[in-house]
Structure formats: C-alpha cells, structure tokens
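These notes open a run of structures that come right after.
In the two complexes below, subunit A is the common chain; its partner is subunit B in one and subunit C in the other.
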Partner chain A sequence: MKECLRRHRDLVQSLAVLGLIFSLAAVCSPRDWRTGGPLFLQADNLTNLLRVTTPVAMVALGMTLVILTGGIDLSVGSTLGLAAVVAALALAKWRWGGAAAIATAITVGGLVGLLNGALVALLRVPPFIITLASMIGIRGLARSWCNNENIGLRTAGDAAVRFVDTWSQKPFMIGLFAGLALLVAALLRGTVFGRYVRALGDNPTAAVYAGLPIKRVQLAVYGLTGLLAGLAGVLTAARTNTGNPNDGIAAELDVIAVVVMGGTALTGGRGGIAGTVIGALIVGILANILGLRNVDANSQLMLKAGIIVLAVVLQQRRAAR
Partner chain B sequence: MKTAMPRSLFLLVAACLLAVLTGCDKPAATAAHQRLVIFSQCNNAEPYRAAQNQRFGELFGRHPELKFVIYDGQADAAKQISQIENAILQKPDLLIVAPFERNALSDVMGRAMAAGIPTICLERDIVQPNFTTFISSDNVAIGRLAGQFMVDLLTKKNGEARGNLVEITGMSGVQGAADRHRGAFEVLAKYPGIKVVHQATANWMQAEAMPRMEEALAANPRIDVVYAHNDPMAYGAYLVAKEKGRAKDIAFIGVDGLANEGAKYVAEGILAATFEYPLCVDKAVEIGIKLLEDKTFKPQPQYLLESRAITHP
Partner chain C sequence: MTAPTAPSPPPLLRARNLLKQYDGVRALRGVDIEIRAGEVHALLGENGAGKSTLGKILAGAVPATAGTLEVDGREIRVRHPGDAQRQGIAMIFQELDLFPNLTVAENIALRNPALAEGFRVRRDRLHAFCRPFLERVGLPVDSATRLGDLHLGHQQLVAIARALSRSARLIVFDEATSALTEELVANLFRVIRDLRAAGVACIYVSHKMDEIFRICDRITVLRDGGFVATVDAAATNPDELVRLMIGHEVNTGQRARSHATETAVLEVANLTTTLVRDVSFKLHRGEVLGLAGLVGSGRGEIGRALFGLAPVLGGRLHKGGREVRPRTPRAAMAAGFGLVPRDRRREGLMMGMRVRDNANLAIMGRLSVAGVLRPGREAAAADRMATATRLKAGSPHTAVRTLSGGNQQKTLLGRWLQREPDVLFLDDPTRGVDVGAKEDIYQLIAEQAARGAGIMLVSSELPELLRCCDRILVLNQGRVAGLVDARTATAESLLRQATASGAPGEGSL
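Moving on to the complex of A and B:
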C-alpha cells in the first residue's frame, strides 16, 4: 500500500516535470512569422516530435524491464542497426515481401536478445560485460552482412517502397508505440512474470531463496528487449529509406537516459513503464525545442548530460528515504 | 516532505538550464522584413564541412536582408530528416541541403519542395530529383587530374611513365571514393609501366592511413608515389614514411585542398599536389540569391564545378 502510494507520488512528480518542460518549450518556441503562434505547439511539430522519439522510446520499454531486474543491455543500438540492415537486405537484395522481411528482421533482434539473456543467465557474467561484448560484435556483424554499404530502399522495387511508405507514417509509428507501451505495462503490472521481474531486481538473494525462475525471467526480458530493438531497427529503416549498418550508434545511451529520466532505478526493482513513457516525452520535447531553436549540437550534449545527472541525483535521494 | 526540496531544486535548475540554453531572453522570431535561409549541413564536425559553413556565413553575411541559419545533422540521417521537418515548419524562403545519405534524405526534401520551398541540393545527390537545383563537383574529373599529374611526375622522375604506386582509398561503398579511384585509373591504365604495388582503405581517416602505409612500406622496397583519396590520409602516409626515412623518395598526392589543410601541406612541401574539391558554396549562394530575388529565375537542373590542381609554384 505504502509502495503503491509512493509510486503514484513519483508519477505525479514526473508528470509535473513533463508539464513544466512542455510549457517552457511552448514559451521558448520560435514563432511562426506569418501567424505569430509558437511553432512548437503546431500539430505538425508535435507529431514530428512523437515520431522522432518512437524508436528510442520503444527500446526503452524493454530496457525498463531489463533494468528492473537489475540488469542492463548495451547492445540495443547495434541490434537496431543489424535489424535495419536485415530488413533492407531482405527487401532490396533478396526481394522478399514486406511481411517476411519485417518478421525476419524482428526475429533476428529477438535472437540477439535471447543470446544476451542466455549468456547472462548461464555464465553469470555481469550483464554490462556480456552486452558490451555483443554491442561490439553485433555492430561488426551488421557491417559485414551489408559489406559496409548503405542499402537504399526507395529505388529497390514495389515491396520496398510500400514498406517505406507504410511504416514511416506518423499514425502508424506513434500508434505502434502506444499499443506496445500499453502491452508491456500490462505485462509488468498484471502478470506473475511482472512481479518476478520486480522481485528479481528488488532483492536478488531473496529471489533465489524464493525459488523464482530467475534464468527464464532473464531470458524473457533480454529477449523482449531484442525484439523491440529489432522493431525499432525496422522503423528506422523505413524512416530513413535505408538500411544503414551504423544506425543506432550510441542509441543505447539515449535509451538508458530515457529510462533513468522516467524514474526507474539502475539498481533494479523500482520504476515502471508509465515513468519511461514520460521520460521519453521529456527527452523528445527537449530535443525538439533545442532543434527548433537551433541550439548548437555541442551545447545540446552538455545540457543532456546535466539533466541526466540531475535525474539520477534525485533518484538516489528518493531511493534513500 | 523532506524530499520536496530536491524536487523543487531540480525543477528550478532544469528550468534555468532550458531557459539559458534556448535563449528565452533573445527575440526569437525573424524580423518581419528579413527573409530566412536555412542550410541543413549533414555534419559540422568535419573540416570540409566546417569550411563550407564558414564560407556560407561570409557570403550570406553580406546580405543583411537575409537571416541565415545552419542546422547540424551530426552525421545522422534520421536527425537530419527531423531537422528538415523543423525547417519546413518555419517556411524558409530558401533551403539548402547537404544530404548525409542519398536514400535517406530524398523523401523529406520532396516534402520541402511540395511545401513550395526552393531547395538547393549541395554536393551529394539524392535518389530522386527532389530539388530545385543540384550543385556539385565531379570526383571522376578530379581523379583524372590526379592521374595525369602522377603520369607527368613519374615521367619526369624516371624518364618514362613507370613506377610503383600506392593507393589509399576512402570508405568503400562511398561514391566519392569510387569516383576518385575510377578517374585516376582511367588515365593510369594507359601506362603499363605504372604498377599499383599496394592498395588499402583508410576510411578517409589520417589515423587509419598510418598503419596502412606502414604495411605498404614494409612490403615494398621501392614506392614512387602515394595517391590518397583525401589530404589527411596523404599526410598520415607522409608522416609514416618520414619516420622510416623514406619520405624523400616518395611523392604524396592528396585531394580536397582545403586552405588550412591540404593547400598548406603543399606549401610546406609535404604533399606534391592536392586537387581542390570545391566547397560549392559560392555557386550555391549565387544561385540562391537569384532564386530569392527573381521568382521567374529557372536554374539549370545541375551545376558541375571544376576542380584545380594545387602544386608547388
């Protein structure tokens, strides 16, 4: 009961930050010089913002579960790149249909995730090390499968063009994310699996003594994250009309930043999907308004750094009480 | 309530950061009489691109009636697409795009055109002709110039067109590298006396060219000329050869010829020659200003700019 109340209060606070950032963005937005209204609040801009945020936010759903178990997955950016390459290869080089190409790319992502999960569960090496290794290795695999080349989709036949046109549409990308967020939230809240995920990160020793199926839970969370990274790769390929083996470089850091901003503790056990969605929106709004104001890229990086540190400091205080 | 303080502190600091960095205090909008020119650069963090940005700033700076803004795509196609979406919202009077990737940027440039924004495609082409005009320079022609220069240089050195050549290539799969290779070898292929004794890719990077040149030197007792697809790689090759005491026997050829890079190396006697890869900026500004001033002006679909050799006086 107390935990439930606390979680609600955390969420309300996160929503307050979101509201504040949103209002600040609206106030600071450059004006449309024809109508005088803020560009930030234009429907077109808000949907642009949501779509840009989708791939990272989507992977963050899975990363939330991984972090809740006390783990981490550094390989998601490379997995995203690999899936983008697989989807593009299937469509452009092997001339598969859209459905087969998409399913294969997502499956490849899932397999990478399962491999991570299996190594973490069986070898008992820290997930940081396992997924650091796969981050490096999977990037190499992605580059070697496409021979270091970018695979263009716009001129690669009907199936490829249909795929690009459908999968890059705003309602599709945003809707897909919303659906998945609800699904993962339900999984975490309403199922035994969800309780195991939290229990594992909250107190690993107790989880062992309670006889929780730890290995299966680990396989599942890394596998799910791999699937989501695969899907994000497919969306990126559609959005950029290209399978680029360098897609998603450093995306793992953006993803982790979103999860942390959303109030999920890196030590595991505490946090949830609603927070992650809010975190993604905060990061998305920040990126959008800084872009609209054309703030220098290097200053943006420094600002990001400051905000992440603040979020984590706040976290620790919350956890300590 | 003990935690209320850090939270409010956080809010305060975040608000300040945002306010400072977004410059709430500055007037945000373009003055009504000013016209807006947006340049979407694919990656500010490259010397060639930094030189472009600087030149644009100089030339557009002479037009107080224009507000000129550069967006930095940070070598990320998705980021550049999103920035162009932001640009479209602001309905600029002119949009200039140096696309990061030819497939990725094609669509969004089409949307800028559909929104009625004159759009200049700079230096790299895209898969669909979604631009008002395309301004670029010709890497094959640059390759031919370099090839002919090497033929003349070897003829002068060895009495006839023969000698051992090392080629250090740019990133494989990039059109610029393929074209700089093709142009040079269209010329070199006519002279069977010129042998390619070593060929390696260094992905445009000086740091990668150095170990490749070490390998080339170890494998070949005699090298007459090194042809690198850009100046940093040529310079890296030179540094390694100098360390091994072999730089005096070898002529180093680069491409790009930036004033504070390749052109300087030539002036210092490090490179035998470099071939200017035009910034395309002067032409873009010339055409851009015409588009802004004369609504009836119809530019050519493409402008191809000439290179020139930079050699010792």
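Moving on to the complex of A and C:
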C-alpha cells in the first residue's frame, strides 16, 4: 500500500490539488436564490462544465502522447477549426449524411496529424517548427475552404439538425470523452506502443540504440492527435451549430496548459493520461467558477497565467526530488 | 619548559555518522571516515554499497540525512555544490555532469570566477586557461572541440581537468578511470602523485584492485551502506579486501571453457568507415572475440558500423553466409545483431523508466500479443534477468535513475542478453561493475557463447580480454594491427601492437 502510494505520488498530489480546487469552487460559488445551495454544485452546472471542457480535454489526450515522446503539436487548434468547417460544409453545402460528414471531418484531422508526423520523422526539423508552420497553413486552408464565412447548421436540413441534436448532448459528449480517455490510457499503459512512446521521450539517443521504431511512433502520436483534434472540431461545430473557420484559435495553448497542469513534463518521458484528465478538470473548474462569479474574460486570462506558472513550479519541485 | 609534543593536526576532512535515506533505500547507515591531507584514500565496496552517495554528500550534490562533516577540525555545512567548492572539495562524478553541447574549454571553465568579468566571459583567456590542465591529464584534443564529440574516456579526462582547474584540496574520483586505457590511467596516476606531494587529498573510488594498490595509501571498505574497516594499503591484499567487501571469497582469474566452433557466424571483409579502414575478420559461433586498442583506435566503431550507427563506406558483411548491410539499429537487430553501448547513460538507459521496462525494451515483441503487453510475461522476464545478473534494485518498478552505477550497467546488459542475438557486441560491459559481479558477467558472456552466439568484447582492461576471449583483434589507429590467440598473448604484447606507430604489424598474427 505504501509502496503503491509512493509510486503514484505525483498522481495523488494532483488529485489533492483537484479536490482542493473543487472545494474552493464550491465555497466561492454564488448561491442559488431559492435553495441557498452553491450554484457550482448543481448537476446542471457540473455537467455543463464537463461538456465545455470536452473538446480541449480530448485533444489533450493525444497531446499527452506527443509531449511524452518529447514533441509538441501547435497545429491542433487549426486542425480543430478545419474539421469543424469540413463537417459543416459536408452537411450544409454538400448535403451529405451525418455519418459521412463526421467521418470525413475526423479523417481530415487525422491526415493533418499524419502529415505533421511524417514531416517530424523524416525532416528531423524540431516538431515545434513543423507544427508551427502547419498551425498557420491549416488555418489558412480552413478559411479558404469556407470563404471566411461561418456555415450555419440549424437551417441546413434534416441530417444537419439531427447531427447537432445528437452530438451536442451532454451525456454523449461526456461518455465519448470518458471512453477515449480510458482507451488512450490503456494504450499508454498496456501496449508496446505505449512503452515506446515513453522510452523515446525519456532518451531519444538510447531509443535509436535500442532499435525502437521511432518514425512509426512519431507518425502514430501525431496522427492520433490529429484524429482527436478532428473529433473535437466536430463536437465544437455541433455545440455551436456552426462551422466557424476561426474555431480553436489559441486552443493549442489551452491543450498544452492542460497537459502540463496534469504533471506531464515538456521534456518528455514523464507523465500520463490520468494526470491530463485531472488537469482538464482543474482548468474546467477554474473557468467555470470564474464565469459563475462574473469575472471578466481578461482577468480570467491573467489568473490562468498565474495558475499555469504555479503548476509548473510545483512540477519542477517534484522532478528535482 | 619543553613544549608538549604538538597534537597531531586535525585531518583534512572528517565525516561522522553520515546517514543517507533515499525514498525507500538507506544508502548510508552511519559511516565515519577520515581523510588526511596528502593521502590517496580508496573507497571500496560492492555495487550499491554507498560509495557514490558518500562522495556526493561531500561534494554537496545530495544532502546527508544526518551526520556531521568537519574540515580542518571545524564543522562545515555543505548544502549544495557551491558550498563544497568553497571548501575546496571537487568531485568527478561516476555519471559525468558535463554539458555535451559546450566545448571542452567551456566545460572546464564554466563557473570559474577567474574567467568572468561581470557577466562577460573572457573568451580570449578561455583556451589559454584550459591548456595546462588538458596537458596535465594528457587529453590530446583541441579545447574548442564540442564535448559531445569526444569518447567517454576523453570526457572523463575533461571532468578531471575541470576538477584540477578548481584548485581543490580534496578531489573525489568516482570511477573516473572506468573508461580510460592503461596509458591514460598511468598518466593520471602521475598527476595524482603530484597532487599528493602538494598536499591535496584524493578519494579514489574504483572496482579495479590493481589500480587501488598502485595509487592508494589507505582503503575504506563499505558494505550495504555501512562502514566495515579502514586499512593501510601496505598492510592488506586483494583477497582480504574482497572478503571485507563481500563477506566471502570470490574465485577470480579462471578462464572460462571455450565454446568456439569452426562455423563462422560473421565475416567482415575490408570494413571501412570514417574511423576504421580495411578491417577484416571472422567471428565464429560460440567464440568470444576481443577487440583491443587505445581510445580512438576504432574498437567501438566496428560495433557501431555493424549495428547501423556509423555509415559504412566500404567493405562487406556476411552473416551466416548471407550478405547483410544494416543501415539502422532496427535492421541490424532484425538481422540478428545486438549491441551493448559504452555510454550507458546517454546511449543505453531510459533513466526515468522502470528497471523492468528498461530490461525488457528489446524483447517487447515476445512479451506481447498483437501489441498488447502481458504483465505476467513482463514480470517473469524481468525477474529472470534480475536473477541472472544478480541485480540489486529495490523492486522492478524502481526507476533506473535511482540504481547504483553497477546495477544500471547490469540492467542494460540484461536488456541485450534477454534478446539472445546471434552476434553480440559488448562495448565495455563491466565498466563500473564490482569484483563479484564481474565474475557474474563473465559467466553470462560464457553462457551466451555456449548457446552459440558470436561475441565481440571491447574492454579497456586487458586482463579481462585475456581472460574471457578466444582470440583478440588488436586495432591501431583504425587498422587491424594483429589477431592473436588469447591463451598465448600477454598484456605487454597486446599493448605493444596497439601502440606501435607506423605501418600496422603485418604478419604479427
């Protein structure tokens, strides 16, 4: 038991922080004028919180793997926007069925990811640069495909309406995220691929000497992240009833913040999915309580900045031990 | 009134009751040690006995959990490396703490106040400052070379030069010669004797008995983190020390039975890379072929070329009769090659990962079904490896980072032994391994040979080659200088061939 606690100390710590923030949020929350209970704790609010957090959290699952390999993917926000546009175009303009539209949008995301992965693996240019370039380029692509216009879905026919109704439901979104989180966690923990991901980030030189399939691992992590960004784009389109080419601007930073808050080291090798889920919840709760208290958007950003720095400082303390 | 005989001056350094508790491990349990000015004091003990931990505490790299340190009879506090530096304590770490992307000179002069002017580094003075120290340790490279481009042995010399440049009164050498050849060690010993004459004290951590008896005045033995004894070198012998270290005797010096056959498993013809030229030899099934030569002679390069890590410019490789030309380690592994690299920290281990995952990294395919790992198989494989190598680790789940140097080496070796390749290239596999564990590793090498593998063994210790190998290929400046039968060769003859300049010794087989 003690051994187990020690092994998972990082996680226990993150959980403690999560508990603390949750309690603080409950205490600080404005009260319901009828019952007097905190608004924050109402089921409707909590599920709403989860739903709003879902897209970023989902991409963070893939980003965790990318960062574990010692890489980074700055293009996820643009990919999210592109997928949202593709889904909306397919439904509203091309009048495709829901399944085809969704599958296409997710596939496009996956292709962007594979492209990133291929460039990282083959060109040996730092992932930061590669994905910075694709962040810029993909955003341009998204805007040009829809001529810089938002594509409404509510008035775009049956398939589109049905799509919006299903894919914006809270239980659906939350269930989807939970399922994916479990899947990616199992992938990381229980498969050869997962071991290679960590090994590559822990010591890239030794990974070469040990004959690991480095290129394939890189293709896979960036590809998976692209798929998840595509899925997040579809969810965003459903939740907002539109395909907006500016969806997901700066989302990559939120995603990275979530991963880092979850204790995954940007230097690679250390961290995991459980931490990322906790990180997403922390970020979600913060955004929610600040919203409930009517803190204005700009102050929210400044607070968020402080919290990220704090989280990383705590994490470095851990690493130094 | 006659003056009373002057009380003997306090020792340079006295440690009392040092205790170090890591997470789950007690690395030191109350150690006392006394270092006198101008002595070379050996620290001896099995892998994991706590030698490095003791050194690190003196150098301020880790804090002691309890205990006191005195310098010149005054109690001091050493909380970080800066404190130790002010007290004149320098250390050459077993796992070197150099910066691979800086030059040799920058590594040596880093944080040396003599070279700073405000925030400005006097680059003009940098090289002039470093040159004398590089000359003293006998490092034959330009001080503007990037550190990462040097061999491990030469990197060790840089670390030593840095310690010298800090004009320390006490220098801790933690296995600082583990990757040095005989010649460089002899040179280093000259430097240490000069230091001793100048009143500088040295703590000398090593597993090499002959070195200890050549250079040390007194010897302190540790076992399982506890103090066993401090003895005068003149009044003891290797057998007694081994007994103190381990508690029983170790049978050393026996040649393993040869398993060499007549079938060639690997034929190398005219192999040429940027570092070696026209190297040709045959490796037989069950044979242990030694590779001898100085640092830079191309010993390790042959392994890197076979393993797809160094571009092959010319020549042919035939393995089991078929021509092969691996371009990546992955392809080489598929073709049946294995390589235990020399620099375990940079090229070998994933320091943050568990012992188990490190040991199993090269056989993941066998431990999984359709890419999904079977925890039972993982645990069984890791246990088998730990038993075979007599690995000392808290549990298979501890991070490799927290293992002692020798046990890290065993983990890396275990990774490749488990894979059972047809051709196994071992680049200094006993570096930093204790006397008893060395015997274990020789045994493991013999077992691999018995199973029919062809083994190539690089070692900076000639006796090790003479003992384990069937034949020894001597390299000199990237060319084959001779191929000798290990049963008849002597250390002197090998050394002569390895250092002879001019034309390679034709016909000196």
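Note that the second predicted complex is superposed on the first by the 314 of 321 C-alpha atoms of A that agree within 3 Å, B and C clash if a C-alpha of one lies under 4 Å from a C-alpha of the other, contacts with A are read in each partner's own complex, and residues count from 1 in each chain.
Note that in this section a contact is a pair of C-beta atoms (placed from the backbone, for glycine too) under 8 Å apart; a residue touches a chain by one contact, two chains touch by 3 or more.
Fair warning: this is a prediction, and the values are worked out from it, not measured in the lab.
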*Would you sort A:G306 into first (subunit B), second (subunit C), both or neither based on which partner it touches?*
first
*Determine, under the contact definition given at the top, whether A:T276 touches first (subunit B), second (subunit C), both, or neither.*
neither
_Contact-wise, after the overlay, does A:N241 reach subunit B, subunit C, both or neither (first, second, both, neither)?_
first
_Taking the superposition on A as described, I'd like to know which of subunit B and subunit C A:T264 touches: first, second, both or neither._
neither
*Pick one for A:N116: touches subunit B only (first), subunit C only (second), both, or neither.*
neither
_Quick one: is A:T79 in contact with subunit B, with subunit C, with both, or with neither? Answer first, second, both or neither._
neither
_Looking only at subunit A, is it subunit B or subunit C that touches more of its residues?_
B
*asked:* List the residues on subunit A that touch subunit B in their complex, please.
replied: 13, 16-17, 20-21, 24-25, 27-34, 36, 39, 42, 44-45, 48, 52, 55, 147-150, 152-155, 164, 168, 236, 239-242, 244, 247, 286, 288-297, 299-300, 303, 306-307, 310-311, 313-314, 317-318, 321
_Interface residues, subunit B side, partner subunit A - complex_ = 2-3, 6-7, 10-11, 13-15, 17-19, 21-24, 28-30, 32, 36, 44, 69-72, 74, 77-78, 81-83, 85-86, 89-91, 101-104, 106-107, 127-128, 171-173
*Please give the residue numbers of subunit C that touch subunit A in the complex, ascending.*
23-24, 307, 309, 328-330, 332-333, 339, 341, 346-353, 357, 361-362, 364-365, 367-368, 371-373, 375, 395, 397, 415
*subunit C touches which residues of subunit A in the complex?*
3, 6-7, 190-193, 195-196, 198-199, 202-203, 205-213, 269-270
